[in-house]
Every structure is written in structure tokens, then in C-alpha cells.
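Here is the structure we will look at, set down as C-alpha cells.
Chain lettering (A, B, C and D) follows the sequence in which the chains are written, and residue indices restart at 1 in each chain.
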């Protein structure tokens, strides 16, 4: 349970929280900063100003109401589908790995991968937008031939931590994996 | 190795007794299914376990002992250990729970070959570990102890949900050799699901043994279900008999003559009919559904069929109330007339200089007259059959009692018939246009002194003779100048055609939707989310120091999207079979487009 | 590329070029080198193998090497090859035969990312056909890195297209620190094209692994004389000449057979010739050849024929000679410099002359006065080795890394001075824009935010061979995820 | 030896052995050594041909005459449009011209004995009939073809097409007129002809066009091969005829045409000859060798 100053690939501050429930079970939670009020304000203002300009030319109040609707709807959709509040990785030795990400609206999506399916956890490089980043991912076994990788499950996808953070998680994951 | 114990939540507060369950081979994890309380006679327990095993086909066994000491009864340690000798097992679990605490502690007694009991302490409190030859050497105590503490994981699960839930992706019956051994969770789920008979012994009947496990809600519901099952059998038989007759009628030779078959393949009503027949056949098969998918499929079909019929009934009730039918009929003929008139005007407009376009007058006149004649024919045809339309509608309306889909497809057929003239126009226009386009393209190649090489599939340069060039150029010029006229006609009629096709497409889509939407599965997902499990998720229960790790296993329900695309009953899809770009290209080069789906693109 | 890997750790080739001794004597600094080119594996050809072999040898010498190329189909992302050679397949749009479309700018973000995170000191671009290479040179200068350019191809001055390309080359080479050419002819050509000071142009020939191309006379059939041709079947390789030669010789010598490996648009010519003269049994068209199959084809022949119309440095003839074949080739480009006269018969690029040359060699064969394949191989094997190439290239890097990079203003002045008023001004403008873009990117994603890449190679490389290691695990993952 | 073996750039030059332009032996020179024999194989402007003014003018004359052919055609059309020339007369004249030309053509062909496959009279007759019949059959259609298209459009189209004809005309050996040029010309003539008052006019115009654009170049080619002196005279004659004809209708057009002819036949050659001096062409061993001999005879 310690906090260093970690940042994501764009230099925004994120916090990593390692909970060790027992020797076999650890939980890592990467939580990205909350939705900044200022940003919301800015977006809202932009939309509304636009709406007012339109309204100014076309005396039509529908424009304004629609603008309000749009902002509200947009905000809801954003916090429900886009904005991820924190992502957590629960590693249970000899049982499996559970990846869950919870959105700002409280919606939570969870995926549990059994240990028998997992081949390894590695740090990997990928080209993302206009940069090349490191990311942590779980390699899944191919049931047909054991030493091939059937697919890859990337971790901490929405909050993209930097290498130092990843290495921390990676090391302790490897500890548990090596135990059993 | 780490020992995983799947422990049913309902047994948390059970009084002390024996743990009945199963060791999952290969994963060294134990699934506790029930607790048999004191007092019991070991013989009866053994016998009971035997018969349960026989019933459920799970290798049940007595896993160990469960002690939740009430006040007064302390120090059962030795007694419990003796129990292990009564029920000879490879390993013997002793799970304690003190009243105050939430966590359990567990001892594992390993029995090696010569029957001596080897014990490993897993209590944190017990600082010293009495160790004979366990799998860990006795020399390095501390680190040994560290390891020992980690040994056991308790996974609490809700027995009922796990029993009823179906793990996805489904692998029914025989696990294919590639993926075996089936994963731990899958085995665990199977174990709980198959050991259903174990749970039918409930607390109140006075058997020799008292046990704690999930209690099935009272018998009555199940009795009713049984009765329904019994009743459904003769019904199924009846339906299947009727079906056989129907199919026999369908297979009379007259229907399999060429024009009829072709027609029936094009008429969406007939397609719908055969489709329904097929569904009924699947429904009315007397034998019970094998496997989950089969069952779901049947249920989906049944539900959607019922819904369909209900909607159809609604429609009928609307139609036959203060005769809407007559109204419809009276509106229909004038509508057709109106359409014809509109077309007439349109053609007149085209025969002038439409939108100031420069068209070749002679050709324009010819085409216009031709189409006008067609419309004339059409109108007379409509008027010929106007008296019968009401009757047709009346009987057609009856068909709605076979379901809304049926009525809809009938409607689409009617539309197709009523707009036949538009179709004709479209075909003429398209053919003419197509001809022109191809002629122009090949002549353009000649114009540039190239030619299409059929063998190499490419454009070669070639030297033509003078006369070839001359005639080619003449034709090219003629075609080029006549193109706008035909193109305009083609355009107009294609637009009309597209409107019709769009309408029919919408009808087909809705029909397909009603037929294929998995209502039952979705309902299940809404009201019993745990029934369709995508997987599981674990929560770490608040653990206090000194006990092993406690996890709560919850069921992770399937996503709606997955449910829909997994359980949607396969139909002939009537979605446009080629992409929009392809469609546009077809339109441009003047190939014909049809609303009806082709048999070849049946989507599974 | 299996057998190329073998070459890197091979005692014989080590013995040939006394590499270790020299390295011991001249302790040179270690560089972080970034090879940039549009052409790399899975694409096959001279440039590709050159880059691969050179990088391998440089890694062996303890430098850190990464390769940057564009994505080939589903092969995008980051891959690791033998000895931890790291390859970036950047998702850039391919325009015309495997060369990326260039706007001078859009490749900057990714290239900058690579340069920064790999801590590159020297950027080495290959092949003047590779737009990506030129972009890299441009951006490297903007970021203040030293650059080297290797030119693999010859260019005429006759037509409009070449005028344009030469102008572009002038621009992109005018502030490149050092240029490497593969032959003296190529050097002259490049110096003329890019108006360069010949002092900064080094000549370092290509090489072949003698171990891959060993003679095997037992494969030859003695009842016939086989002429082997291995090249892409395109106009520049003089396939039309070949189409003229085949009937002439086949009519004269009934025991003459042709073995033609390669694929291309001109295949149709050969097929027509074959059909017209009924030579299906004597002219075999093998189609495209894997690099590993080449030797198997070569050793079946007695004579290697090369009809190229232009070549900077023809590796094919060296490979042929290394397999112990008698080489007959056209006297074009750098070919006369490649092999000593007793190993090669040079002809004019005409059907008559080539036929005469082949006749002569055939006559020698009949009289049995040709040197034995083994002896030919023994002579060739010592001529061109990758280690030697690597050492000479290393020296280039040493020299380059000492030089200072022009600041923006002087760079602009230089551009104006070297590339003429019009092009110079335009590209000066481009340089400024590029610089501004760089500043913007640095504001957007500061260098400190970028993670420094783990060194798989170089002074303290982490590369541990074997599938168990995490690096290779990463590699496999990279392959998977790039495909997904 | 191993010192010599690896020479990076800027190593000290070794013993004074002469530098050789070979790669197979490792020489005691640095990699970036520049010998005085550097670029000695560079050659400039080799094989460049010197043009002589009048020769070029003579060649250019052909272009001029083609230009004026078009002018003549246009003149004829103008005449017909204003009804100054009746289609019957045009047909008659063109028929006579055709016969004369055909005779001359035959004479010239028989005169040259290198007779590559001669078309039989029958074939000629056949194609002639095809022309006439098709033109005659189509002329009513063609007549009504462009009536709804505005006149300017038609003019523009035909102008563009005639230009295309002039540009893409194979001046080198026009014995077989290139298909694009011929087609363009025919297209233009059809456009123009469809503007004429009657179907017969159209027919006449088209046949005339055939004469001018298809037959005439063949005859001219023969002339050029066999009787160069007359050829030049003919070109001059055609040019004068074109200018005069156009002059009779629109003097301005005539002037323009004259200017164009002058620039094409006199000015452009002058420029060519003048600019030759500034030619600077670099050749060397790096050039892509071009194949001089004709490979195609191996194929067909």
C-alpha cells in the first residue's frame, strides 16, 4: 500500500494502489484523475455559445433546448461509457487473474481469466496514435498447442501508465505467478 | 500446491457435521456441496453418498468435517480426527469456524500409503508445526510455516445460482480432446449442476440424515411443471401429425413444377410459410431438447411464435372491427389509380424538355409512348380486378392469425404485385441503359485504339482498319448523344423502383426481426441474470489475520449484445447482400436489383 | 532468413576478415544507430539483406541498432529479430512499390518517438528510392542528429523524372554528414546527382556470405550445359536481351539448358519465346525464389548469366561466382569493378555480344579449360565479407559522430546555397515548418514523458536468447498484437 | 595486411601504389579517397545530332499542311452551312478527288517494288462501299442527333476534337493514321455535319471528312517516300490553299492561320536550332544501357 508519483503516457498524474490481501492474492488499482470541472465547464460553454449564436440568427428556442439536451446527454454518455475512473487488476495465485475497470458513473466491467488459460504476463511495446508506448498484457495460451500465444489481453487500457509503474505491477505479478 | 475449497454460502451457519462434496481431479480443489449434521450413523452416510453418486453420476465423497462449535461443546479436535479414520480418504479437511469470527480455519490431514495420518497445520495461531514426512521437508521451519499459511483459499459461492447458471461459451456434452481437461471453473459448475438430486432432500422430511444445502423451493411448482410436460406430449404429437399432412400437400407434384416453384421462391409469403413449418417441426419434436443450446433455441422459437401470433391477433381485431377492410379496399384502388396517374404525368413531363435537359426528341417520344401504353394497360388491369380486392383483403386478413409476420409478408407480396408496372419500367430502362453503357465503354476503347484482351484480362493496344474505326466512331457518336435521354429515363424509374424496394426491405427486416429475435434469452438475462453466465468474478471478503484467504465468487452475467447475437435464431437474412458501394456500382452500370433475398446467402 | 543468421556467428567468415584483431587495436566508441529504409524483410532484395547483415555485424561489435521501416500488411508494430535486433514497422501509407508517400511532415511524430526513446546518435538511411529514408534524414537534422546515407542504386540524367529525383536527392543530402556508396561508379553517380563534395562519399561494397553460397558440382548434370539466370524479370534487368539470347544459343547448342529464377512483368516475354521455339524442356522458369533456395538453383548450373542494363553493385554475380559458376555479364554500372577479369566475362549489352561471350565460355567448358568450382569459390570467398563492411561502416560512424550539427539558421543558409534559389527556399521553408512541428510535439509530449526503451542490444543489452526469456515473450506478444 | 584491409574514411593514404577502380582488391587508400581519375569516364552530349535549319523546316512543313488540311475542311463546312456549296457538288468533287488520289496512290505503290502485302482492289472497293452505305444510312440519325444540343457546345466540342486530332496525329509515319487522331477528327466532323441543314449535306460532309482525314495522309506519306521534291511543293500548296480558302470566308481566321503556319514551320525550327547550343547532357557508365537492336523479331 504505497504511492509514488506515477504519470500516464501523457504526463498526467495517476495513482497506483497495491493491496496485498495475502501472499497469494494482490490487487493493483490504477486510478486516473477525476473529471475536471473546468473542462466540463469549457465544453458546456462552447456548446451553449454555439447554440446562442445559432439562436441569434434563427429565432428558434428549440436550438437552445436541444443544446442543453446535447450537453446533458453527452456528459452522461461520457461518464457512462468513456471516462474510466479506475482500473484494477486482481491476481489470485493458482486461480486466475481478474481485470476490472469501473467507469465514472459506477458501471463496472469485469473479466476473469483462469490460470489454466494464462501463458504469461509481459510488458509489450505498441504503436499508439502518434507515439510508441509500453503496456502490460496477459498472454493467453492456445489450447491446441501449449507454447503458442492465442491472443493478448492488454491491461490498464484506458489509463495508460508509464514504464516504471508497469514494471512495479509486472514484478509483483511475476512473484505470484512464479509461486504456483 | 494451493488447496482451493469451494464452499457454499448457505452452509456458513450450518451446525457441525460432515462435508459432502467432490475433489476436482487435477486442480486439487474441493467443491463442498452439503453438510450432514450430527448425529448420524456412518454406515447410513456412506450408503446415502453411494446412492447420491448413483443418481447424479458425480463421484461424491465425504471431504471432511465441519465444526461450528456451539457453547458447551468444545475440543472436538480428537473426535473429528477420528472421523477421518472412519471415512478413509486421501485427504481429510477439518474446517473450523469460531462463533465470533467470520473467517474459517482449515486443517488438511494427508493419509499416506501405510495409513498413518499426516497432518499439516494451517492455523496461523499454532506457531509450531508438527511435521512428519509431509511433502515439505521438516528442516526449515519458518519458511515452511510461511508457505503453510498460504495453503488454503476459500471460495464462497451461492449454490443455487451456480447450479442453475450456464457457463458460456457453451461446450455441450463431450469436451473435445483439444481443450481437455476442462477448466477448473467449468468442472466446478458441472459438479454443482449435476449434483442436483442431492438438493431435493430438504430439511423437513424425516430421513435418517439431516443435511444443510440449498433448499429447492417447495415441490408444488415442480409438480405443475411436470404436469405441463406430460400434457405437452400429446399436443406435440398432434401438431407433428398436422405438419406431416401439410408437408405431404406441399410435396404434391403440381407444386414442384418449374413456374410454381420459381414463383414460390420469390413470393415472400411462401418463403414465410415454409419457414414457419420448419419452426413448428423443431418445436413439435416429441423428444426433450438435448443440451442447453437446443433448449434455448426451442424456447426462443416458441416465445417469438407466441408473441407473433398475439400481434397477429391484435391486427385482426383491429381489421375486423367496424370493417376497416372495406375502407382499405376502397382506398386501395383509388391509390393505385392515383399512382398510375402520377406516373402518367411524370412521363408527359419527361417527354417534354424535363428540367431543361437537352434530350433527343425522337428517342424521347418513342420511349415515352411505349411507357404510356404500359400504364394504360396497367390501369385497365387494376379496374378489371377492383371488385375482388375487398374479398382478397378479407381472406388475406385472416392469414394474420398465423402471426403478424405472415400478414406482413403477404402485404409485401401485395405491394410487389401492385407495383408491377414500375418494375417493368425499371427493367426496360435498366436494360437499355446497360446496353448503352457497355457499348460506349467498348467503343471508347476503340476510340483510343485499344481493345479488351479476353485471354489476359487486360486492355491491349491494337491497330484497327480504317472502316472499323470509321463505323466505331459513328456508333460512338450516336450512342454518346443518345445517352442522356436513356439515362434520364433510367434514373427516374430507378428512383421509383428504389422506393418500392426500400418499403419491401423494411417489411422483410421487421419480419426477420420478429422471427429471429431471442425473446426468451433476453428475458432470462433480465430477470435471472445468473442463468446465462459469461464467467465469474471474485471479491475478496474482509479477511482477518489468522485465517486463510476468503473469496466470494459471483456470477458475471452475459452481455446483452452477446446474448442477442448468440441466441438469435438463424433465418434467411434479407439484408442487402452487397455493400452500398457495390449497390451503387450496380445501379450505375444498370444491373437489376431485387428486394428478395437469394437462397445462397442464408446466414447461420 | 535462417541461413543469414548463421552467417553472423561463423568461424570461417571470422577468420577471413581479421576483424577481432582490428577492433582490439582501434577501440571505437559505441553508437546507437537507427537504420531507416522502406525496404526491409518481409520484402526481399539487395537493400534488405544489406541492412539486415550490416545490423547483425554491428550488434556483434557491441553497437545498439534498431531498424525502422513501414508496416507490411498485418506486420506492424515492434518486432525482435535474431540477437535482439529491434524492428519498428511504422504504420505509414505505402504509395508506390513499397515506398511510402511523403509529405515531409507526417512521419515526424513517430520517427521522433523512435529517436528519442532509443537515444539514437546516428541515423543511417538506405536507398534513394525510399521516401521514408529521406524523411528520416530531414527530421534527424531537425532534431540535431548526425546522419549517414547509403545509396544502392544508379540514376541517369536523361529524362525529366530523373531531373526531379536528382533535385530531391540534392536537397536531402545537402546536409547529410556522410554518404556511402556501394561502388566507385555509384559514387561518381551520386556525387554528380547530389552535387556533393566527393570527400564525404565513401565507397563500401556490398557483401555476400560465402558460407551460404558454396559450390556443389555433384548437383550439375554432365550431359548438358546449364545457364542460370536469377533476377527479377523486369526491363532494367535486360530480360528482353535474354529473350533474344535464348533462341540463338539454343538453336546452336542442343545440349544447352536455361534455368531462370525470378518473377516479374517481363516473364511473358520469356514464355512467348519458349512457346515460339518449343523450348519447354530446355528453358525452365522457376518463378519467384526464396532467398534460401537460391543456392540450390545456382549449384545446378555451369554458367551464370546476368543481363542487367544498369547495376550499382551486382550481388547476384558474386553469389554465382561464389557457387563456382562461370559468370557472364553485361559491362554496365559498377559490374566491372566487382570481380577480377578471370572470373567474369564482360560483354556489351547487346544480344550479339552476349552470345559471343557465352559461346566463348561454353567452348572453354567443352575443352574443359575452366577453373574448378572449388578454386573459384576459394578466390571469391575472401573478397566481400559483412564483417569487413561493418568495420568500414563503423569508421564512418566514428567520423560522423564527431561532427557538429548545423543549427537551424546555418542549415537554412546551407540549403539556400546548395539547392538553388527556388528549391532551396522551398525546402528551407519546409525545414522551418518541420522545426515548428517538432517544437509543437515537444510541447505536446515532452521528451521526459517518453519512456526510454529497454536496450535489447548495445553496450548493456538485455537480450537473452531462448523462448523462455521475457524479451522473446514480448516479441511474440508484439507479433500477436500487431496482427490484432 | 589487416591494416590495409579495413580502411575507414580519412585514414592516411598508404604506399604510393597506383589507385585502381576495382572493389575486389583492398587498396591502401581510405574509403573516401578521391583519385584524379575520378569522373574520367564522364562524357557530355555524346551522340547529339546537329540539326540543319532547312531540313527541320522541311519536316515541319508536314505539320503545317496538316493544320491547313483542317482549315480547308472547316472552310468547306462554312461554305456548306451558308448554302454556298451544294452537297451534290461537294460529293462530285470529292468523288473525283478520291478517284484521282486512289489512282496516284496505286501508281506510287506499284512504283515501289518493296510490296509489303498489297490490299486488293476488291478489299478497297468493299471498304469504300461500307463507308458510303453506313454514312448514308446514318446520316438522317446524325442529322437529328445534336439538334437539342446548343450550337456553342457543338462548336466547342468539335474544336477540342480537331485540336486533339492535330496533337495526336502521328507525323512520323502517317501511312496508318493513329486511331485516336482519326477518331477525334471523325467525331468533330460528325458534330459539325449534324449542324448542316439536310441529311444529304451531312452525308457529303462526312464523306469529305473521310477523304481529308483518312485518305489524304496515306497518299501524302506515299508522296513523301517516293517524291520528296513534289512533297514539299504539295505541302506549300496545301498551306496556301488553306489560308486562301479560309481567307475567302473569314479574313481574321486566315491571318491567324497564316501566323500559326509561320510559327510552326519557320519559328519553331529556328528556336530548336538555336537552343541546341545550350544542351548539356551527362553520360557515364551509370547510365541505363538501352537496347538498340530489335528484339521483337524473336517473338513474332
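Definition applied: a contact is a pair of C-beta atoms (placed from the backbone, for glycine too) under 8 Å apart; a residue touches a chain by one contact, two chains touch by 3 or more.
Which protein is which chain? UniProt says A = Phosphatidylinositol glycan anchor biosynthesis, class H; B = Phosphatidylinositol glycan anchor biosynthesis, class Q; C = Phosphatidylinositol N-acetylglucosaminyltransferase subunit A; D = Phosphatidylinositol glycan anchor biosynthesis, class C.
Fair warning: this is a prediction, and the values are worked out from it, not measured in the lab.
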Original post:
Which pair wins on C-beta contacts, A-C or C-D?
Top reply: C-D
**OP:** Determine the centre-to-centre distance between chain C and chain D, using the mean Cα coordinates as centres, and give it in whole Å.
**Re:** 44
**OP:** Averaged over CA atoms, how far is the centre of chain A from the centre of chain D? Could you give it in whole Å?
**Re:** 70
**OP:** Calculate how many whole Å lie between the centre of chain A and the centre of chain B, each centre taken as the average of the chain's C-alpha atoms.
**Re:** 30
**OP:** Specify, in ascending order, the residues of chain D that touch 2 or more different other chains.
**Re:** none
Original post:
Among the residues of chain C, which ones contact at least 2 other chains?
Top reply: none
**OP:** Using the contact definition from the top, classify how the chains connect: line, ring, star, complete or other.
**Re:** ring
Subject >> Pairs of chains found to touch, sorted by chain label >> reply: A-B, A-C, B-D, C-D
Original post:
What residues of chain B sit close enough to touch chain D in their complex?
Top reply: 353, 358-362, 446-449, 463-467, 469-474, 476-478, 481-482
**OP:** Under the touch definition given earlier, write down the residues of chain C that touch chain D in their complex.
**Re:** 17-18, 21-22, 154-158, 178, 183-186, 188-189, 191-192, 198-205, 236, 238, 240-241, 243-244, 247, 269, 272-273, 276, 309-310, 312-313, 330, 332-334, 336-340, 349-352, 383-384, 388, 391-392, 394-396, 398-399
Original post:
chain A touches which residues of chain C in the complex?
Top reply: 76-78, 88, 90-91, 109-110, 113-114, 117, 445-446, 449-453, 467, 470, 473-474, 476-478, 480-482, 484
Original post:
For chain A, which residues are in contact with chain C within the complex?
Top reply: 7, 9-11, 120, 122-127, 130-134, 137, 139, 147, 149, 151-152, 154, 162-163
Subject >> Interfacial residue positions of chain B with respect to chain A in the complex >> reply: 1-2, 4, 146, 149-150, 153, 155, 178-179, 183-185, 535-538, 540, 543, 548-549, 551, 556
